[in-house]
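By letter and in written order, the chains are A, B, C and D; residue numbering begins at 1 in each of them.
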Amino acid sequence: MELIGNLLLQGVQMFLVLVLAPGLTGLVRKAKARLTRRRGASVLQPYRDLWRLMQKEVILADNASWLFRVSPYMIVAATWVAASLVPTFAIGLEFSWTADFIAIVALLGSARFFLALAGMDVGTSFGGIGSSREMMIGAFAEPAMLLVVFTVSLVAGSTQLSNVVAFMQSDAVGVRVSLAMALVALVIVALAENARIPVDNPATHLELTMVHEAMVLEYSGRHLAMIELAASLKLLLYVALIGAIFLPFGIGPAGTGFAGLAAGLVFFLVKLVGGGLLLAVLETSVAKMRVFRVAEFLGAALMLGLLGTLLLFVSRSL
Amino acid sequence: MSFDPPSLVLIVPAVAAAMLALMPSYRASAWINVAASLLTFLAAASLFVVERPEAGDYLHVDDLNIVFIVLNTFVGLTAAVFSASYIGHELQTGRVTPANLRFYHAMYQVMMFGMNLALVSNNIGLMWVAVELATLSTVLMVGLYRTHEALEAAWKYFILGSVGIALALFGTILIYMAAQPILGEGLPSMVSSKLIASAAELDPKMLNVAFVFLIVGYGTKVGLAPFHAWLPDAHAEGPTPISAVLSGLLLNVALYVVLRFKMLMAANETALAPGPLMVALGLLSLVFAAAMLYRRRDIKRLFAYSSIEHMGIIVFAFGMGGALANFAGLLHMVMHSLTKSAIFFAVGSIAQIKGTQRLADIRGLTQSHPLLGWGLVIAVLSIAGMPPSGVFMSEFLVVTTSFSRAPILALVLVFGLVLAFAALLLHLTGVAFGEPSGEDEPLHSTLVPLWLHLALIMLIGLHMPGPMVEWFRSVAALLG
Amino acid sequence: MIGAGLTIVGLLLVLSLAAAVLPNGPKSPVVVYGASTALCSVLATIGFAVLAASADPVGLILPIGLPWLGAHFRIDGLSAFFLLLLGIGGAAASLYAIGYGRHEHEPHRTLPFYPGFLGAMAVVILSDDAFTFLLSWEVMSLLSWALVLTHHRAEDTRQAGYLYLVMAGFGTMVLLLAFGLMAGSGGSYDFAAIRETGRNEMLAAAVLMLMLLGAGSKAGLMPMHVWLPVAHPAAPSHVSALMSGVMTKVAIYGFVRVVFDLLGPLPWWASPVVIVAGALTAVIGILFAINDGDGKRVLAWSTIENVGIIFAGLGLAVAFRANAMPGLAALAMTAALIHAMNHMLFKSLLFMVAGAVLNATGRRDLDALGGLIHRMPVTAALALVGVTAISALPPLNGFVSEWLMFQSVLQSPQLAQPGLQFLVPAAGGVLALTAALAATAFVRFFGVIFLGRARSDPAAAASEVDRWSLGAMAGLAALCILAGVLPGLLIDFVGPAVEIASGDRLVSQTSNAWFTLVPLPQIDSSYSGFLVMAFVAIVGGGAAWTVHRIASRGVRRGPAWDCGFPNADPITQYGAGSFAQPIRRSFGPVVAARETVFMPPPGDPSAARHAASTTDLAWRHLYTPLIALVGALATRANSLQFLTIRRYLSLVFGTLILLLVGLATWN
Amino acid sequence: MPDLAFDIAHMLAGSLVLVSFMMIYQDRLSALLNTFALQALLLAAAVGWQAYIQGASHLYASAGIALVFKAIIVPWALHKMIQRLGIHREVETVVGVVPTMLAGMGLVALSILLMLQLTETAESALAREDLAFSLSVILLGMLMMVTRRNAVSQVVGFMSLENGLILATTGAQGMPFVVEISVAFSVLIAMIVIGVFLFRIRERFDSVDTEAIEHFRGEKRS
């Protein structure tokens, strides 16, 4: 009976992230539109888009291989699994120990890997540009992210996100320089990973400036829907992750009752909205940078992450 | 007359030399040469089974020289076999005349006589005479082709060898003078077994001076740098079977003589330890020869320098001393002699096929003549210390034992070894691989000696025969 | 067990000799490779059995080798693990070669050396005294050198072979020194005696450094790696697979055996050297892999990278062991050993893929390939498994060892030395960077070879390879997946080896629910490859099913988006060079990248040109000067060849006088 | 009587060294050959004297060989040769005479220093002195070999070296093989002389100057 309850809870988590993800994307778009004095589409527009795309027939390039067709599902699966493993409203869920923080990062890496491969499949120059640049961004973002993981895990003594959150909720944590650095690094990584300004522009229509969009240029119909969904899931994942680690309040501890779970859910929604709005503000206030400056930008994140790890030994008493 | 192997290994070559000098047909003389060498070898090999004769004032057989006598006669035999198959083509190409050949075969046996005498003699005077005899006969052989280069090489060899022999004689006289007050006037003071037995009583200072002269004198014969100059040219310009004998035997004989005196020095505790001097000369020879290997253009000269290098290793090993290093030195002597003569057999065949000794003109041997090419590859890699040849074992022992005792010296040694290895391999890669050069000439000479040697080298490298181990160990203990 | 192992070795050697006399026909390769496959399978079984039974070490002495010592052999957990690795790698490569070998024009240049090479590697693993160890080590080098020279007609190959054997000779010499230090002047060469001998920390550290040089040069540790990217690719592909997949592991075995088993206590300050060497090797290796335009060389560079990762793990194990933390040392050691196994699996697989591509197209340069996924679908699928695994992506096996490595990095705060506390996480960061770059490298590798459109006619006309090859590749791919999904099994398996090397082992992992890894229960970090695999499969499959079910399933083919420039040539695709460009720009100084652009002036119709090159800094700053030095030495010495007799006499005379003066003053 | 015998032996040996110096001083070939003949003569006397005081009759044979072969035949043959070659007036030292003399002094000092270190016993005193002188002669002979460019003077140097050796062998009381060694060396010298002849007769070299051998073509062929 308990097992069923736990499984149910895990299921809720999985569907929660899936359902909320397009909404978060919609929210960011809406907020950005409003910030630039446009009216913008409805927050629910991404849902409609997804549905419409799924209904459409797929147009495959002549040269597309089976990999091209399989990749969207691989990508969405990997991202979704990763997103489901980030604590949202409660910790200690049934399958939370499936993968730790490192594995979540790596799962996102798998998604990127297949996306990049798919970008190269058709054999146009744009796909290659996108893949190449995406992998370059990943080459910096992933280690930066892992250094964040190191910092956080060294503080919390575990790479298990449930344990990390539990530790962060406890009094033992205090204010630490290294955590602050990790936060900054994580935000930078999140921007890069989600193809956000200043690293990439999700709304561009000029092929040569695209990174993410260039890779998926050939996708259409349900495949594109999967890719879009995966992108939304990833955004949600990062917001949830930042929320869970650095603003852990409200997340229900392991084995909490219904009230705890409900409160956690509310807090989660608040965090999502807050995160989305902040992102919109950030995106409207900076300009996109040249692609080769991205290395420096992300290199800064890498250095911050490393510094955060190293400073742990200095600032433990703080 | 009872069966007396030590005298037999002298009588057979002497008689054969006389016979060959009178023999007009080169074919018959080639085979008589082989037969005589075979007889000598059998006589030497019988030392394994018959009881060793008592050490006399002139001749003796002990643990040290038994190995060298057998080895010497064996390589003498294989070289004779190789020579028999090799020399015919030389006659065809007109490099030698039948008259020359008659002289050649007679001299071959004289040379064998000289070397065998040096090995079995128990008398430092006789030893000196024997080494001189062997030297002179090889000088004549080196000049056999009568070309400008050959005569130059022979002349160089002759002059340097003569000076060496003179210095060695002075050393010998000094030893005699040191021994004379103890062992009395006359012959006993020159008998090396007696000398060693009473070495502790000899005047150490006299021994010191003597040893310096002996090592410079016989060291010239060994080919140690900086006394090496005759060696590469003599190897390169003489007939190839003689190059094999020079590298495989004559150097060994000279080294054997040095070892005898080292034993004498080691037995006297107050005398200068011969070790450091030998170590220094050994390392110098090794590193110098290794550096010389790179710029070689002539294949025989290349391997002649490699002989200098190996003499350096051996002398280094003996210089380090101790049971293991001495064992390694002895083993290395045997292995080098077998391997280097095998290499010269291969080189002889190659030079005949390609009609040149220039390294640059020899290419792709493993492609054009697989059996010869791979034989050369194995032989060269063996001499470079690659397993499973016995050279690997001796280098293993030398390097491992010396490093914990004298790290700096061992590092120099290793530097020299790697340097030499890289050089040999550089030339080997060119010679053995790539697109074959020249026309597809068939072989003119037999490969049996080559592969026989290779088989022996591998065998000893993997499993040394028990008696050999025993002899080496007892000698290693004697060498101190 | 040891007897059986040696019998197999003996049979392999006999097979080698037999291969030398076999007729040069089409049957010979089948016989030789078939027999090798069988024999290697037996080797693997022996290793497996010893590990599974956690059998006590068994020794055996044969009367060969050093006469008074004999050849000592022994099989314990550590050797059994590497024997298993060798067996699997060898069997796969041999199986592959049954098909692949048919395409070799000169089988007699491969066959006589191939089984012997396998046998020599087995002897290295089984040997229990210094002499046998080094002898077989050298034989291994020698035979692989002969194999590298299979295509000896190419100048490049000859140079590669030359460089390889010189480096191998150097490595062996250094190992000789290391064993010399351990055995002492008394010459106690058998491992049991070496193990018993007490030695101080300085000496132990010196041996460790020598081992790092000696074994490192064989494994491809920087800066002794220079031979590897040229020699491994020069060999036929099944041999490349063996060299990269197995032989580097044998080198690592040597390092582990000596440093962790024979050497005794190590000072902590020895560990940073190993860690730094490993981490730098890893990151620099992978950067070169990204920038190389030759498929097999990319793989070889990646081997260097992986060797670096393994050495970093070994360095961590040294650090933990020096701090008397056997449990954590076991974690790092497990990570290293499992990575060794994993790397053997996927690197062998990828070299076979490269071989298959080479056979199908005759091309090794990436920029001549492309679109092979259409022509060689099975190979492509298997290659995909390989590149995913090597990029350390879950749920495949590469990630498992990566994960374990990070777990042990995260234990660094427990180390007592502040220096290490700083260094280890930084090294961890470098390893993370390496992993991400590896993904880049292999997206490029797979993408340029298999995806897109064919860039040359042979690539467009390629066809799928034979069944034997596919079978071998499929086997390795299956093992990659298996080791990724059920890593606990592998960890338990490697336990006996880890215990020998670090004095402790990880708790048993097979009893955890859902095949989850919890290497350190007190830390409670966990990862379940099985569940990740299951979830991804279920979710992905489910999503596909649902979408096809409730939404659309229609497909229409159409031309790709050409941005308004129709009929683009395949050359306009992103190629190997262009794909690497962002990384090359970002990490320019590390790989000494140079880009030159030639733009014709306006009006000139000639084509613009762009060339990019990278240079190995180790080659430029270490080897080039060294070669120049040797050259100068040789030239200097060479003048001594041309002196007059009088001058030579002066040399003799001078030396004599010098010695006499020395004697006079010494007295 | 022993004292007188010692003195005479000492004087003869000493004069050998002196003649060696004279040879170094000679810079013309014919003069050099004459000086060498003088040395051989002195050697014969020294050996003869040793034969007399040791009562070793076989040493007379050595003395005879020295007298006939080295004091007469070889100088005569060489004289003929240099006449024919027209090089009898040639000055062919590499290093100047004065530095060579100084080096020679050093060598004599070295040999005396070395030999005096030997353990002193009553009966070996004579031998020690003799040894010091013969070592000097040997070293001076070698010095001559390396400071002269002409093959003939090198041959002379070698023979002088060998004189020192014979002196040493006869000084060593009761040493066997002395005569054999004398003979062996005579053969050696004969071969060298013949070799020099050969090179000239076959017109392989422009001169017997060993500098010509510098162009050893084996390695410089290309």
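In this text, a residue touches a chain if its C-beta (ideal position, glycine included) is under 8 Å from a C-beta of that chain, and two chains touch if they have at least 3 such contacts.
A quick note: this is a predicted structure, and the numbers were derived from the prediction, not measured.
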item: Minimal step count in the chain contact network, chain A to chain B; value: 2
item: Farthest-lying chain, centroid of Cα atoms versus that of chain C; value: D
item: Dominant interface by contact count, named by its two chains; value: A-C
item: Chain C-chain D separation of Cα centroids, rounded to whole Å; value: 68
item: Chain B and chain C, separation of their C-alpha mean positions in angstrom; value: 43
item: Intercentroid distance (Cα basis), chain D paired with chain A, Å; value: 99
item: Separation of mean Cα positions, chain D and chain B [Å, integer]; value: 31
item: Two or more partner chains touched - positions in chain C; value: 641, 643, 645, 649, 656, 660, 663, 667
item: Interface hub residues of chain B, defined as touching at least two other chains; value: 155-156, 159, 163, 167, 205, 209
item: In chain A, residues with contacts to at least two other chains; value: none
item: All pairs of touching chains, each written as two labels joined by a dash; value: A-C, B-C, B-D, C-D
item: Partner chain A, residues of chain C touching it in the complex; value: 370-371, 373-374, 377, 380, 384, 388, 391-394, 399, 402-403, 406-407, 409-410, 413, 418, 421-422, 425-426, 428-429, 432-433, 435-437, 439-440, 443-444, 446-448, 451-453, 514, 516, 518, 523-528, 531-532, 535-537, 539-541, 543-544, 547-548, 550-552, 554-563, 568, 570, 572-575, 578-583, 585-586
item: Partner chain C, residues of chain D touching it in the complex; value: 94, 107, 110-111, 113-114, 117, 139, 142-143, 145-146, 148-149, 154, 210-211, 213-214, 216, 219-220
item: Parts of chain B lying in touch with chain D, wherever the complex brings them together; value: 125-126, 129, 132, 136, 148-149, 151-153, 155-156, 158-159, 162-163, 165-167, 169-170, 173-174, 176-177, 180-181, 185-187, 189-190, 203, 205-206, 209, 233, 236-237, 296-298, 301, 358, 360
item: Touching residues (chain side chain A, partner chain C) in the complex; value: 51, 54-63, 65-67, 73-74, 76-78, 80-81, 84, 95, 97-100, 102-103, 106-107, 109-110, 112-113, 116-117, 120-129, 131-133, 135-136, 138-143, 146-147, 150, 153-154, 157-160, 163, 207, 217-218, 221-222, 225-226, 291-292, 295, 299, 302, 305-306, 309-310, 312-313
item: For the chain C and chain B complex, residues of the former touching the latter; value: 63-68, 108, 130-131, 134-136, 138-139, 142, 149, 152-153, 155, 158, 161-162, 165-166, 169-170, 173-174, 176-177, 179-181, 183-185, 187, 189, 630-631, 633-638, 640-641, 643, 645, 648-649, 651-652, 654-656, 659-660, 663, 666-667
